[in-house]
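By letter and in written order, the chains are A, B, C, D, E and F; residue numbering begins at 1 in each of them.
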């Protein structure tokens, strides 16, 4: 006879779930969905990801470690205003300022991609002259100036921050002509989807483009739809599992990661494999973070 | 060999699809979804309803008529701003003013319930001192002053209009204590869900509460979830098919119906029966309208 | 430790499954689907119905009997030609002639409704001057002379036989103007869907319209879509469970039933309730038949 | 900006969720599923019911009350042994003894029906000579002595307790000949499914058969499959919403209800209406309990 | 506020949708499904593909072009006779003769594979002595002389044309012994599924086997089921995204493509990734065609 | 006109279905599911796999053979006790002893993984001092000493047998720290999931680790979830189609395979590709077995 796992990341029993203060890693679910695309349902993403996370083994055999021992606290879902994206994102920024100041690794779970702008802006503001790099794993450029009558759409999230940060988009395979133009003008070092299929050189290229401080935003549609059909606009020709982990492992090892988000998971009822992949991806990020922290401390 | 039906109401071939000017009835799809509830997907409602409508028989054996001969024009989908509900609804109001002036029967297909406010306000404004009655078939009161930080939510739509019109809510079975208070204060003649189960007296009561000019808003969750599981928050104990038609038939026969909407259909992939029910409901409205127009003309 | 049930009606173990010769009732699955409508999938109907039938209790508490003891043999699926409906139906007629001569009750499981014509024609031919009555439980008239370029469509099945038999359609709620005209000219005693909602008088009316020898064809879309959404074109306002059983029980008790079919079940993956309803309906038919046979024998 | 609701019944924020000691009503999720039938998935029942409960209005307009103010505490899921049903049910009994002693109303959420035996036995033991009545809303008799090699199957749950309590089964529409025999021998006052369709007399009959102390076990397959297709073996011809509430309201008003369970919900992915119905049913039970407690206190 | 996209390829607004005469590329939806296999639903293929196409970016970053500017007209769905495959395919041939004469690139969307024979025969007839090559991307040989009693089945489509054209099947991984025999006798240069996994040499081999004039028929089950589970008989071990595009790009660049079809998409409700892949594949074909036309013109 | 295929492996007509005695290969469906994990449904695995197998071509073009001619008999489903896993597995062992003695290749279809222990133990016992090797294709170690209160769980199956056999686990990507410890202590030659992605050397390593007599147990979650999402706990980073076949082909060619099972297929309603993959995998095993037998005989 045992107690069922509550709905936090990894399904930790209340007794083993560290407080916010005691945790080094904080999971923040933001089930915000307002500026929708083809299929919807990103507001169910955090809940299903957390549910799937209860079936992850604590032990990571690749790293020979128990990453959850770093202390992982799951915050309650953060519900944003229904009064429109501008106000909703302002609320999210307000919520992020103290989080950024806490020096914990916040892993935000979306929800639609527009929510990435507030944490990126908060980190960029805090770093001041040290310019933040943003590693964007994504199928879409999200570099439009405006979409559906608003600059706060998920399709505009990277345009909104691109002046304040160094953007490194990876896996892109759907952009407009205007986005292409912007990429050329700003010399944004995009790695396109078809380049992922042509060997591992792209991992080095991405690393080289990143400065010392990195925010990672993972739009789950970065992955090939065979792995993750559960997203708003699934584009064929995306990333695969192990190479993506190799990139992320190196970013944590060779840079300082200040924040992470995993967004745009739109669960399909009855199909849990993509939810589980997203949950395990988050746990891998915790693992890479733990190892990097350990390295720092030992140093 | 034949040509497949295009995506207008009833799937009329281009040659048989009347122009806006030539039509007496206009179908306006508004796939707006922003302030979501339990399940989502109302933005797919108009499309699936239109698709289902292609399988409706033109002939109505209960009325011994071909209601489509009244002239039914389907407008393109109206996409509203993604900048927030206030702006979106302002756009919708702007679109409705000329429609209201056209004296055609506009049947708006939603989309979430918040879109009912603009046409109701437009009709109320046009009628001036003649007070508009609104027949609201619905499971929920939708009488909250604010919800999720905005007064423009689907949960507030009837609160927004209740001062300008005489509200007659039917089928209600989920309200807050505040809504209950408002109903008492304003003496809103609600017919609750459980009253539908207790015999036909409720149809007379609803009729009596309606003034001469009526706008009908049908939140599809009015129907029992056994008939329509495809909606955001399906509440048990709702309306059934034939009694609902009896009510609507009498409203068209005994009052002047100025406008109609059918909202909150959130199709479930692979289950078309509710989409078809909604489509046939719309065609019944056309049929009742045609007969009432005929009666007027003959008079 | 036990052996799993094989895929015959009721899941009878091989030892308890009577041979064709030993059985009084024969189940004939005909997964034919060629002239499709809104949704498809009727070719999966027989298989899913048989699968569901394994979960039926043998004992019928309403009749205090074990109807399967009458002897129920399930034949292998009968696959018809893919060369077009005319040839397919000719093959089916050929298969039916010896079955009709066997004096067993054949319950055919469809498959689309067009397959009803061959057994009806075979029974009508055998009866000769004794005119066969056909009780048609159905949402649609199926009285078109031609559909999609062929008179062998599911939409034409009753037109094809209406001159040779006395047709008693029940539950009809979708017909064309031409079908309405035919009904009037031929004085076909249709009981419409909305009449089912208005009290039990329709059962007597249906009985009175039937002659002494009856073939029963049940298009599963006769039932209300809340009970059976799993069909090609689910029309709201259909029949319910117990009243339908009352009608069928009386037909077996007061007439001689020569054959039965249950068609147009188009299973929805993951939703078994309608498949189970259809299977239990078939078992009720076996029960009513058993009791009627018993009455005859005792007489 | 608001905090998302946690996964307790009604989604009460941590601050509003009463402790076990402070609550009068306790929700106990027992996602136990081992002796499966047609479809499976009852182990997901409690979780989906709780999820759906977050969308229930606190206010009950039929009772003009806020039933949650009685204090509703949700316990963590209770996971039972995988070593077989005998040991699992022994664990559950052990868990129930202190709960029964607490004098709170425990509402257990299943999981499969076999879990009803331990609480019933615990209550029967506590009452001693005062004989417990068990109101069983169910499609199946569950009165088999053994099933699939074990007397601890869901199909045997009522057989296991029938000697210790007075059983009042309602809605039964699938039993074996042996169960029929037992019903006759023990004079169990069964109300069959088809009797529900024949007017309201059955409610009085059920009431009269119940003694002063009542345990209510609701197998969700009691309801008609049009309302709840989400269960293991959905039998047509079941109970409807308002009459069922009328019965339960009277039982709470006219008897002392010592315990309740709602079992056998097996959610279908993507279809939430049945989950919501089950959640609202539980809230109605809380409401009826609150009113009955109030009556007692005032007395 | 904006107008929703109509149901043509790419969702072009009416004003931007070129007329048939003005277009160089014509999309012809043929939702024909009659000789079914494992799963069905190919008649929904064209509709869902068109729906998905509305979410494709117009700009193609791999080619740095806006391929839609070539002029893409979508014809209404072509519905074929229900009187059997022979007559249906005769109708299709009749429809194709003027299309072939128009010198536009017709991209036919199926529907089942049997519909490929009429356009191939029309092109072969037009070319006369210049022998047409047919590039067949497919999991199945489709080289049976007869299937289910008819030579017009989807399983026979390539047998029907193999004498008139040079067949180059690619990705084949399910054939009968008779088909194997035919392949040997006719020396058909099949590239089997397992050869796709063994490096890129197969692209050169396929190119070399093709003559100057090529018709491309893409049975969507050519792709690996991880990419496209939405088809009648999904065979493991199929083609992947980028290599398939490389092959097609070269065929357009190095040969003259006279016609294309994409068939056997059988959408799974709720899973849009495969529909989107098929739509994007069609747009890639338009892109390759545009570039090839440009090359020709510049030459 | 033809007879539909019955529910045996390959859908062989009764006349072509060899008796147990005449067959060299025996398919044994064991739909046992009791100790569940994330998603459930493994008890539907055998049925859906058999259903899918009816669409496999008899001819294998890679081997240029008709493997079914070896004689493949499908036994009825074996239903195990519901009294708990210990008794159920004892029953299974009892059933296996005569099967092992028969010298036929038994391919058991699960059902959950716990059912692999009885056949492995039976083979190990029969071999006596010749130590049996077990090739375990799996995502999970299944090496726990106990899980959910029982050592008979699916999560313990390999722990239960690891002392009696030489275990060669391949594709493992989820283990506990305790399992890692056991692997080190017992020097179990695990090939982890990420090693499959790094080139073909792992096939040689697996072969070298296997002794002369091999039992193959394939947990279908070995495959990447893009190929097989239909399993209880789908772990990203799994095996692919052709390399897995290469391994299995070599095992049959270079070792003596004494028994096989394919377990943990938990079909998702409406998605047949994984069921078909599993069925084709089984047929490939038959093919490899046939060729190996032929080699032995010729020798």
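Methods note: a residue touches a chain if its C-beta (ideal position, glycine included) is under 8 Å from a C-beta of that chain, and two chains touch if they have at least 3 such contacts.
Quantities reported herein were computed from a predicted structural model and do not represent experimental measurements.
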Shared chain contacts [chain B and chain D, defined touch]: A, C
Chain D and chain C - chains in contact with each: B, F
Repeat of the A-B interface, chosen from B-D, C-E or C-D (over half of contact pairs identical by residue number): C-E
Reference chain C; chain at largest CA-centroid distance: A
Gap in Å, rounded to a whole number, between the CA centres of chain E and chain A: 38
Gap in Å, rounded to a whole number, between the CA centres of chain F and chain D: 40
Chain B-chain F separation of Cα centroids, rounded to whole Å: 56
Of all residues in chain D, the ones touching two or more other chains: 1-2, 79, 81, 148-149, 224, 226, 269-271
Every chain pair meeting the contact rule: A-B, A-D, A-E, A-F, B-C, B-D, B-E, C-D, C-E, C-F, D-F, E-F
In the complex with chain C, residue positions of chain D that touch it: 37-39, 148-149, 172-177, 179-180, 192, 194, 197, 224-226, 229, 233-237, 268-269, 271
Of all residues in chain E, those that touch chain C in their complex: 33-36, 40-41, 43, 79, 81-87, 147-150, 152-153
Complex contact set, residues of chain F against chain C: 1-7, 14, 29, 31, 47, 51, 76-81, 91-92, 94-95, 269-270
Complex contacts: residues of chain B adjacent to chain C: 1-2, 52, 55-59, 61-62, 64, 66, 224, 226-227, 241-242, 270-273, 276-277, 280
